[in-house]
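Shared chain: subunit A. Partners: subunit B in the first complex, subunit C in the second.
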Partner chain A sequence: MHGLSAVFEKEFRDHCGSRRFMILFALICLAGLSAVYVAAQSIRSDLSSDSSTEFVFLKLFTSSSGVLPPFLAFISFLGPLVGLALGFDAINSEKNSGTLSRLLSQPLFRDSVINGKFLAGLATIALMLASIMLVISGLGLKLIGVPPSLDEMVRLIAFLLITIVYVAFWMAVSILLSVLFRQAATSALAGMALWIFFAFFMPMIAGIIANVVVPMNADPDTLTLLRHENVSQMASRISPTTLFQEATVTVLTPGIRTLGPVLVRDVIGMIPSPLSVTQSLLVVWPHMVGLVALTLICFAASYTKFLREEIRA
Partner chain B sequence: MGERAFTETTQTSKPGLALPVDETGAPLIVHTSDLTKAYGDFVAVDRLNFSVREGDIFGLLGPNGAGKTTTILMLLGLTEPTAGTMRVCGFNSTRDPLNVKRIVGYLPENVGFYEELTGRENLQYTARLNGIPAQEAERRIESSLAQVGMLEAADKKAGQFSRGMRQRLGIADVLLKNPRLVILDEPTLGLDPDGVNQLLDLIVRMSRQQKITVMLSSHQLHQVQQICDRVGIFVKGRMVAEGNIEELWKQTLKGRRLIIEVQAVPQGQQTVTALQGIEGVEAVERSGEMLLLSCNRDVRDKIAKAVGDAGAALLHLRLLEHGLEDIYFKYFREG
Partner chain C sequence: MSKKIAIRLICVVGLLLGSLASIISVGIAGAEGHGDVVLSTAYPSVTAGKGQDITFLIEINNKGKVDELLNVKVLTAPKDWEITLKDRNFGIRSLFLLAGKSQSMTLTAKPPENAQPGDYKVVLQATNANGAAGTNLDLNIGLQDKPVGGLKLSTQYPKLTGQSTTNVKFEFSVDIKNDSADPANVGLAANAPKDWQVTFSPAYETKQISTLAVKGNETQGIKVTVAPPDRAPAGDYPIDVTVSAGGIKDSIQLNVTLTGATNMTIDTSDSRLNTQGTAGAATNVTLKLTNNGTADLRNISFSSGKPTDWEVTFTPDKLDLLTVGESYEVNVAVKPTAKAIAGDYSVSVMANSGYLSKDLQLRMTVETPTIWGWVGVAIVVVVLAGLGGLFTRLGRR
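What follows is the complex of A and B.
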């Protein structure tokens, strides 16, 4: 096992000391701090008029005054970038610089190399996101002066875990690309292309798919409308970005009771109370399972490819 | 099973299993039988049989693309053979690569180091990968850096190293694990003549002082032949000749003409006649200040006497190095 721990330690140290990590860390810190600051300002002005402080701490992460997007939006935008940056040259740069064949001639199992790299990336992501969350929570606490309830803490921890998994998914994608492509630049670009596809084009494509599957005439009846909406939503859930957004919004907003279209019929007689943590988690459980599964699939693919490859000097 | 066998024999100076022996009883550290590697239809290594005796410096010589690197990768267990078996330090490389890698040092053709780390940090990483305890690792790093003359440069970033320094750091890296066998893939490639000599010196010292068997591959016969005890000539995936370089040379020269360059003072007709009188000399030509003797065998031992008898002094005597290239080209063409 000393092989795995040696690789892990080296990679973790490399990540933490690397310039790209520092740049991204600074960027997310800056975005997070300013988003929370702006959110806190608007929360303070809202609070004086409407005196409900329920879940006010969570609003730090989800609400915005229109000047800056909320922290949630920042993280769903920058998170993939962090994941891609940590993995896009994991294997191919070692191949190109000739360190891989030296590494593999040491007495360690080959999978220790890729496992160690993945775990080190995961640890880096966890460290980075957890510290950013702590810093901006501290700032938020100072600004609004309302401590988070236990319920809110659990929700924030769930949010942190989902975010870690989401960023780890993008890292797994980029490690896979670094196994597949020989040039680090190619794998970085391919990663960016996938990210842009899922973040920006997938919602449009989901609409097109829905139009094909459920054609809409000029005056569609309710049933067609509902089916159209359902197809569109399911199609967009192919994208891990959608999964992440739906999951985090639900976890951080206790008022969200269900995802997808709601009929007036369903709302009649409903007591507009927030969901408990466990109920919110239950709503997004499939999303979380989906994200973990996608991460594991990407990692398994890179693992298999890497283990079967012949590494020549 | 390999693990147990490994610990049983650690009492000896170098770990490993009992080695197979050749017909003279010399232990064989590398032994392959019918080793074959095919990529689809292309056969990179074709039923290779060869062995390396413990303590030797063995040269695996052949042109680019002959299958040298593929053979080395198979010996280290980095790629699986299509057919055939091999034993390295007594271990089966395919089934037990970890034990092989524990006692075999490998310097790849384009050795690379982590450029953002210093030379010393690179070695520390290798030591950790080999599970060497920190204190012991520091001691070994110091001694191996000293051996390759890299103590002063070791704290610079590896990205700043020249090719020669990288090769020397590579040797230090290999020595860390206290290897029984060291495999060097094209170690002299891309070095200037000075660098080549330094590196070859280093290899000879390493082999003699620490009783490490060395196997090196090269396509530059004239560079490595001076340090090899035995060579194998490897063409198109097959070993076409194996043995002591002198023997190979004599075999090759059989039935061939040799050119010997001679300079003497005075270099008059009398000297020429005397040289022509040596048995085996077929013709003597003048070429500038030199006389070129075409002979059907090596007559260098008789030339000094002949020149002296003719009342002249011998200034220069050299066998034109065509002979070495001849070995190479002979096998290349035949292969």
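What follows is the complex of A and C.
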């Protein structure tokens, strides 16, 4: 345990002082602040005309005026970059510069190294996202003057946790890649490739998969359409990006009741009203479980690989 | 009477009425060469109804060549009768009549309330200033039991029927006919069962009136609005409407037949219209039916409007009898389909009895069962256990 805390402290200090971290932090902060500022402007004009003042605070994070995408979109775009940046050279750069064998000659267990690195990265991510959220909430509070309700606060905390897990997932992926590949550049590129694949190509591939599984003729009946849509959605949910987006949108928008296609027969008798926090969380519970499980599996893989590896001095 | 009295009967043609009328002229033959003074009236003998005032228009004419100062007084009158001699607003005791001129005045005879039918006589006397000469006019009044002329009430629909519901009103159209030539100020009154409200208004207006003026020989319609009290029991109710003007009155009986009205309210036992439940599990709501009509309700059945695949069960599923004023509680089990999407739904429950149907909208918040949440937790626990297994197997190298 002593070794773990030493590695954790050292890695955490390195992360917080690194240029890489500073640049990304500044980038997200700037993007977030501008997005929230623009959103607050449009919310203020909406508030004076619209009578609905429900969940105004959440709109800070989800609404946009068209000039800038909402904060949510920025986070889902920049979050993976942060995760990749924090982990892509975790193991292989130390291996290449020969510091790893020197480190392992110290009286500490080998798993402390990778555990410490992962936990330090996780702590850095949590610190970064929490501080950004707080700064943004403060600015939003000043701009719109409506304090968040308890319900909204719980939703924001849930959003923060989901985001931390999502960024941690990409960090776990990049640590795994840094264990697998010898060159830091290779692991960085591989990480970028994975991210681009999941973020941009997966929706298209999901469509193709759905077309193969449920062929659509010129005039498909409702049942075929429904099956096609379901398959397409399930396929796109292979991507953690989709999981993250669906989960955060649902948590931050109480009006969303379900994800996926809804038949008219399901809507009969439905009254449009916001869901409670617990119900919103239940809707995206599988997503959250999936993200946590993926993160842990990636970490477990890198852990296994790292511990079985021969490290020559 | 010691004086020489000459009575002349002159027949003239009645110009105004186009019929023959006789005028009795009573002349004073002046002993000292005074001209003749004549008291006359167009109708010296009349009939009148009980309680009716009798009015004579008296004409006094100086046919002589000398101006006269005349005293006029009622010589004889029936007991307790009130006789007044008036010209416009004041009573007359004497008058000065230039030669060849005439003067008219009004004699009003008001019989006492308890006057018996029969013939009565009023004698009016005019004497000149020295009191020597006098001339009399006999006025004969035949008093009858029922009024002559007067007011008549009539309606085309004296019986109205309706259900005894809240705010029900019955409107009768009643015509008031004034048979006399004189305009009458008609007072309106009604005698209705206890707590019933009777109001009068002009035929096509909403204002409430208690008197109205009816011109001579004209008919005026009024609206009599009868409002029974809330939840009056079924039955026949007579309402007597009376009109009166002076001593003349007439009344008419209007009838309202109330039939029992069916009505009920449906509510939850605690008046809460929202409930909460889990998808796939039944939630119980207690409905309260109240018969607040005036007739018993029979064969009450229940139905519901619900989202697709939901189940709504009533216990009991029907009710044979719900008497007036009674309440009954019915249990409703609402079971959303297991696949219901979380959120609020509207469910309506209906109670039907004959053509009477009442519904109630319930708002139900459906929650998804948390079982899948625990499955998720289990997955995470399994993954964590796997990680722990890895730690123990591979760690501490």
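The definition used in the following text is that the second predicted complex is superposed on the first by the 313 of 313 C-alpha atoms of A that agree within 3 Å, B and C clash if a C-alpha of one lies under 4 Å from a C-alpha of the other, contacts with A are read in each partner's own complex, and residues count from 1 in each chain.
The rule is short, and it goes like this: contacts are C-beta pairs under 8 Å (C-beta built on N, C-alpha and C of every residue); 3 or more make two chains touch, one makes a residue touch a chain.
Everything quoted here is computed from the prediction, not taken from an experiment.
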Fit or clash - subunit C, subunit B, common subunit A: fit
Which superposed partner A:Leu180 touches (first subunit B, second subunit C, both, neither): neither
Larger contact residue set on subunit A - subunit B or subunit C: C
Angle at subunit A between subunit B and subunit C, C-alpha centres, nearest 10 degrees: 160
First, second, both or neither for A:Ile268, with subunit B first and subunit C second: second
Partner chain(s) touched by A:Thr258 [first = subunit B, second = subunit C, both, neither]: second
Which superposed partner A:Leu282 touches (first subunit B, second subunit C, both, neither): second
Which superposed partner A:Ala199 touches (first subunit B, second subunit C, both, neither): neither
Partner chain in contact with A:Gly98 - subunit B first, subunit C second, else both or neither: first
First (subunit B), second (subunit C), both or neither touched by A:Phe109: both
After fitting on chain A: smallest Cα gap, subunit B-subunit C, Å: 7
On subunit A, positions contacted by subunit B and by subunit C: 109
Contact footprint of subunit A on subunit C as seen in their complex: 305-310, 339-347, 363, 367-368, 370, 372-373, 376-377, 379-380, 383-384, 386-387, 390-391, 394-397
Interface residues, subunit B side, partner subunit A - complex: 69, 73, 76, 78-79, 98-99, 101-102, 104-116, 125-126, 128-131, 170, 173, 177, 185
In the complex with subunit C, residue positions of subunit A that touch it: 109-111, 257-258, 262, 265-266, 268-273, 275-276, 278-279, 282-283, 285-286, 288-289, 292-293, 296-297, 299-300, 303-304, 307-308
In the complex with subunit B, residue positions of subunit A that touch it: 2-3, 6-7, 9-10, 14, 94, 97-99, 101-109, 310-313
